[in-house]
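Per-chain numbering from 1; labels A, B, C and D assigned in written order.
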Amino acid sequence: MTFRCPDRPGIVYAVSGALLQMQANIIEKSQFSEPISGTFCLRTRFETDEADSTHIKVVLEAELAQFGGTLTVRNEEVKQRVLIMVSKFEHCLIDLLYRHSEGELPVDIPLVVSNHWDCQELVARYGIPYVHLPVTKETKRQQEQRLVELVDEHHVDFVVLARYMQVLSAELCAAISGRAINIHHSFLPGFKGAKPYHQAYDRGVKLIGATAHYVTSDLDEGPIIEQDVQRVTHAQNAEQLVVMGKDVERQVLSRAVKWQAEDRVLLVGNRTVVFQ
Amino acid sequence: MTFRCPDRPGIVYAVSGALLQMQANIIEKSQFSEPISGTFCLRTRFETDEADSTHIKVVLEAELAQFGGTLTVRNEEVKQRVLIMVSKFEHCLIDLLYRHSEGELPVDIPLVVSNHWDCQELVARYGIPYVHLPVTKETKRQQEQRLVELVDEHHVDFVVLARYMQVLSAELCAAISGRAINIHHSFLPGFKGAKPYHQAYDRGVKLIGATAHYVTSDLDEGPIIEQDVQRVTHAQNAEQLVVMGKDVERQVLSRAVKWQAEDRVLLVGNRTVVFQ
Amino acid sequence: MTFRCPDRPGIVYAVSGALLQMQANIIEKSQFSEPISGTFCLRTRFETDEADSTHIKVVLEAELAQFGGTLTVRNEEVKQRVLIMVSKFEHCLIDLLYRHSEGELPVDIPLVVSNHWDCQELVARYGIPYVHLPVTKETKRQQEQRLVELVDEHHVDFVVLARYMQVLSAELCAAISGRAINIHHSFLPGFKGAKPYHQAYDRGVKLIGATAHYVTSDLDEGPIIEQDVQRVTHAQNAEQLVVMGKDVERQVLSRAVKWQAEDRVLLVGNRTVVFQ
Amino acid sequence: MTFRCPDRPGIVYAVSGALLQMQANIIEKSQFSEPISGTFCLRTRFETDEADSTHIKVVLEAELAQFGGTLTVRNEEVKQRVLIMVSKFEHCLIDLLYRHSEGELPVDIPLVVSNHWDCQELVARYGIPYVHLPVTKETKRQQEQRLVELVDEHHVDFVVLARYMQVLSAELCAAISGRAINIHHSFLPGFKGAKPYHQAYDRGVKLIGATAHYVTSDLDEGPIIEQDVQRVTHAQNAEQLVVMGKDVERQVLSRAVKWQAEDRVLLVGNRTVVFQ
C-alpha cells in the first residue's frame, strides 16, 4: 500500500492500527514528510491472511478517510502490466526483457510497440507480441490514438519509453501522465534535446549520464526517478560516448521500472520520493 | 529514540500511539526487521513540547515494556561526547576536527588522546585538550587503564580510533564494546593486519578501500559500519596507494562517526543496521 | 602491437623509428615501466599501408631484437577467437552475447561449451554452436582433454569462464595459462571460494563486488584484470545480494573480455598492466 | 615537458631521439591526438644528469622546431606558485592548505587573497600571508588591478578560485586566461549561476556534483578539468545538499589543482586533455 496526504499527527498511528486490526505483518515500511508541500508519503508492504485485497482497501480507507489523502493497495502477486515502446536502439529493451525473463522485474509485459521493425526478432525470442505502429507527421494523431487504445485494451498500468525516439504530443502526455517513464541519454538538466552525447563531447564533460523520468508535455523536464553517471576522458569521441552510455542508460531505466513496478515511486509536485 | 526488540505485531502501533499521546511530531522514522535473529529495529526523530526527556523515556518505556526490548531516548541538543585517539597519521583527525568546527559533526570532543606528540599542534589550533599517553609493552596495561579512566571522567559516549596504531587488549575492547569505532585502511575482509596498501599493491587489486567498524577483541573482525573504495591502476605504487587511500579513510570514518553521533547505527549480532 | 622487455633507454626511440620507417600513423600509444621487475610494457595501435602483418612483425622484430623482449603484432581486422564456458547462470553469457551482437566486443565466438543444457536455447538464438560437455568426478580428465582439443580445433585465442562452476585441474590451468579469464563473484581477495554473497552477507559488508582475473591453478588467486563494486545495505539478504551482484559481474567480465580482445592487458608477474 | 603541435608522423621519434641524446630516462609518458583540431599532445616526465633545464629546453626546441608547436619544460623541483582566492566558505581552502601541508600538492602558496576577513585565522595557522582585498561595485576595477599586480609581484603561475564568490571582469579573465581554475558547485552544464544546490533541489536530481574549470569571461562555460558527483535522495533539503556538496567540491578542486601543478592538463580548444 502507498498513502499520500497532507501531513499531520496521527497518520502512522492510524495506519498501524488498521494493519494490526487485520493481523497484518509489516515487511517493509517507509515514510517521508515532504517539507515544501507538507505532504506525508508512506509505503508499506505487509502480509495478512486476508485474501481479498478489496476488503483490505475498504478497511484502510475507513481508517484513513479523515486524512483526505490518496490510497493505493495492491496484491504483490498481481503484477503491474507494462507496455514498452522502442524505436531502433535495442539496448534498453534487451535489458528489460532479460531481467524480466530472469524474474528480476516483477511486471507483466503484454506487448512491445515500435515505430520500426528493427526489434521484432528480439521481442519474438521472448514470446511477446510486437505491434508495429509506424508514424509520420500526418499519421501521428492516429498513431497516438491507437497507442492509447492499446494501453486500455491490455489494461496497461504504465508505459516505458525504452529509447522511443518520437516526441509525444501534449494530448498523449496528458493521457498517460504519471504512468509513463522515459530514459533520456544525458544527466539532466544538462544536454536536453537531440544528440546529448555529442553535446557532452563538445562541452568536454568528464562524466556522462542518463536520466529516467516521468513523461510530461515539457520535453526532458519531467520529474526525475533515477540518474547515474560514468567517467569518461578526453580520449573518447562522441561515438564512443554513445556506446559507453548504453550501459548507464539501461541500468538507470531498469532500476526506475523496477521501482515503479514495486510502487516505490511517489510523485510530489515536480519531484519524486523513491522509497528503497 | 531507538528501540530494538524481538519482532512481533503491534510494535509500531504502540510506538506511534505513545508519541501521539505526547503530541509528538515525527520528523524521521526508520524501521527494519532483521530476519535471522528476528530483531525489530526502529529509530525515530520527533519533536514535542515536553522538555523533560526523562519523562518522555518513562512514557515510552511504559508503552513498550511488553515487547522486552532495549530503548534509548536522547535529546538531540545534548550532543554525544567523543574521545578521539590518534598516533602519527593526522589525515583522519584533521577531517574530524574540521567537520566538527564547521558544525557538520554533531558531537562534543572533550579531548584527543595520543601515544605520540605529532598531532599536538593541530589539536591545539582547535582549542581541544591533548592528552599524551605513551605506550610500551611494559606500560600498556597502565596506559589502557588511564584511558578507561579518561573515558569515565569525561563522560565519553564513544571512542574513535582515527588511525590509532596500537592493538587494544581484550580487556579494553570489552570495556568499550559497541562504543569504539576504528578505521581500517583496507576494504575488509581483504587485507587485514599491517600494511594493507602494500598487500593491496602486491595482490594487484583495481580498487582500494577503507572500512569503519566497531572495535572487538578479534582484530579487524568487528561489525562494519561503513566502507568505500577508490579506483587505482597498475601505475600507482604502494606509497601512492597510501596517499590516495587517505581520502577514502577520512570520508568513511567521518560518515561512521556522524551516523553514530546521530544514533543511526544499531548493532544486531555481528552486523550493523544503518538508518539513513 | 604490444612489447614487453627489461627496461632500458632507447626502446621508445627504436619503436617509433621502426614505425616511422613503415610510414605508420600512431593512433594510440601507452607505455609503463613496472618498477619492481623493471619491465617495460608498451601497446601501440597504428595504421599503415603495409597490408602484410607478417612483414610488419619482421621489421619490428629486427629493430627490437636488441632489447630481448616479447613482441606481439596483430591486424585489428582479424579478431581474436573466444571460447565461452558456462554452467547454469546465464547473466554473464547473455551480456557477452548481446554486446557481441551489438559490435561492442571485437571477438569471434566459434562456440560455447557447457556442462549443462540450460543455456542451449539462449546460445542458439545467437546462431552459435553449443557443445555440451558434462562432467563427473570420474570423467573430469576426459572432459578437460576434450576441452583442450576444442580450443585447438577452433584456433581459440582465449577462454572465458562466464560463471563456469567447475574447478579446473592444475593441468588444464597450465594448458591455458594467460589465456583464460574467470569472473569471481566477490571483491577479491575477500570471500574466496563458494557462496561469496552469503559470506558477504554474514560479514555485513556495505559494498559487494566482482573480480575478473586470469585463471591459475591457485583458485581465486590469479592476476586481477578488473573489479568493481556496488553499494548494499543491511536490508538486503543474501539472495538479494546474489541478484544485485549479477549486474556487477557481467559488467566486470565484459570489460575484461573487451580489454583482452583489444590486447590491452599485459601480465607482469602476478599483476596486470591494463592500458586504457 | 609538455608539447602541443599539429599532428603528423615523426613527432614521437623526434622527442624520444632528443631525450636519448641527453641520456634521459623516461619516467612517465602520455600522448593523445585530438582528432577534431588535429592537435598532437604529449607530456613526458624524465630524469637526466643535465642539471640545466634551460639547456634541456634548447636541445628539445632544436629537435622539435620543425613541428611548429608549443613546448614547456619544467624542473619538477621548482614548484609552481599558486595564488588562492576565497570569500567566506572555507571548505575548499582548508582542503588545499591541508593537502599542501601534507606534501600532497606540489605547489608553493605565496599568498591567499580574499574579499572578506573570515578565513584569515585559518590561513594564519598555516603561516601563509593573507591579503584582504574588499570589493564593491565602485572599487571593482581597482581591486582587480591590485590582484593582477599581486600575481606579477609574487611570480604566480596560476590562480585558484576556491569558492571566490565574485564574478571576474572580462579584462581580468583575459589577463589570467588558462591560468585560473574555478570550482563551480554543480555538475556543469547543469545549474549554472547562483544557488546551484537550490536549483538542484527544485529540479529533484538524484546526484549532485561539482566542476573544476578554467575561468573564461563566459561565466561557468570555461573548459572543464574535473567533475564528480554524489548520490542524494528526496530526503535531503537544499541546505543539506549544500553541506553534502562541500565534500565533492573540495575533492574535485584539489584534484584539478594537483593536475595543473603537475602539468597534466593541456587545453585544446574548449576542451581539456588530462593525462593521468
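Quick note on the criterion: contacts are C-beta pairs under 8 Å (C-beta built on N, C-alpha and C of every residue); 3 or more make two chains touch, one makes a residue touch a chain.
None of these values were measured; they are calculated from a predicted model.
Engineer: Taking CA centroids for every chain, report which one is farthest away from chain C.
Structural biologist: Chain B.
Engineer: Tell me which has more C-beta contacts between its two chains, B-C or B-D.
Structural biologist: Taking the two pairs in turn, the one with more contacts turns out to be B-C.
Engineer: Distance-wise, how many Å sit between the C-alpha centres of chain B and chain D, to the nearest whole number?
Structural biologist: Between these chains, centre-to-centre, one finds 36 Å.
Engineer: Please report how many Å separate the Cα centroid of chain B from that of chain C, as a whole number.
Structural biologist: 41
Engineer: In the complex of these two chains, what residues of chain B are touching chain D?
Structural biologist: Per the stated touch rule, the residues are 91, 94, 98, 102, 104, 125, 243, 247, 251.
Engineer: Give every residue of chain B touching chain A within the complex, in rising order.
Structural biologist: Contact set of chain B toward chain A: 9-10, 12-13, 16-17, 19-20, 23-27, 29-31, 33.
Engineer: In the complex formed with chain A, which residues of chain D make contact?
Structural biologist: That would be residues 32, 34-35, 187-191, 202-207, 209, 223-229, 233-235, 237, 268, 270-274, 276 of chain D.
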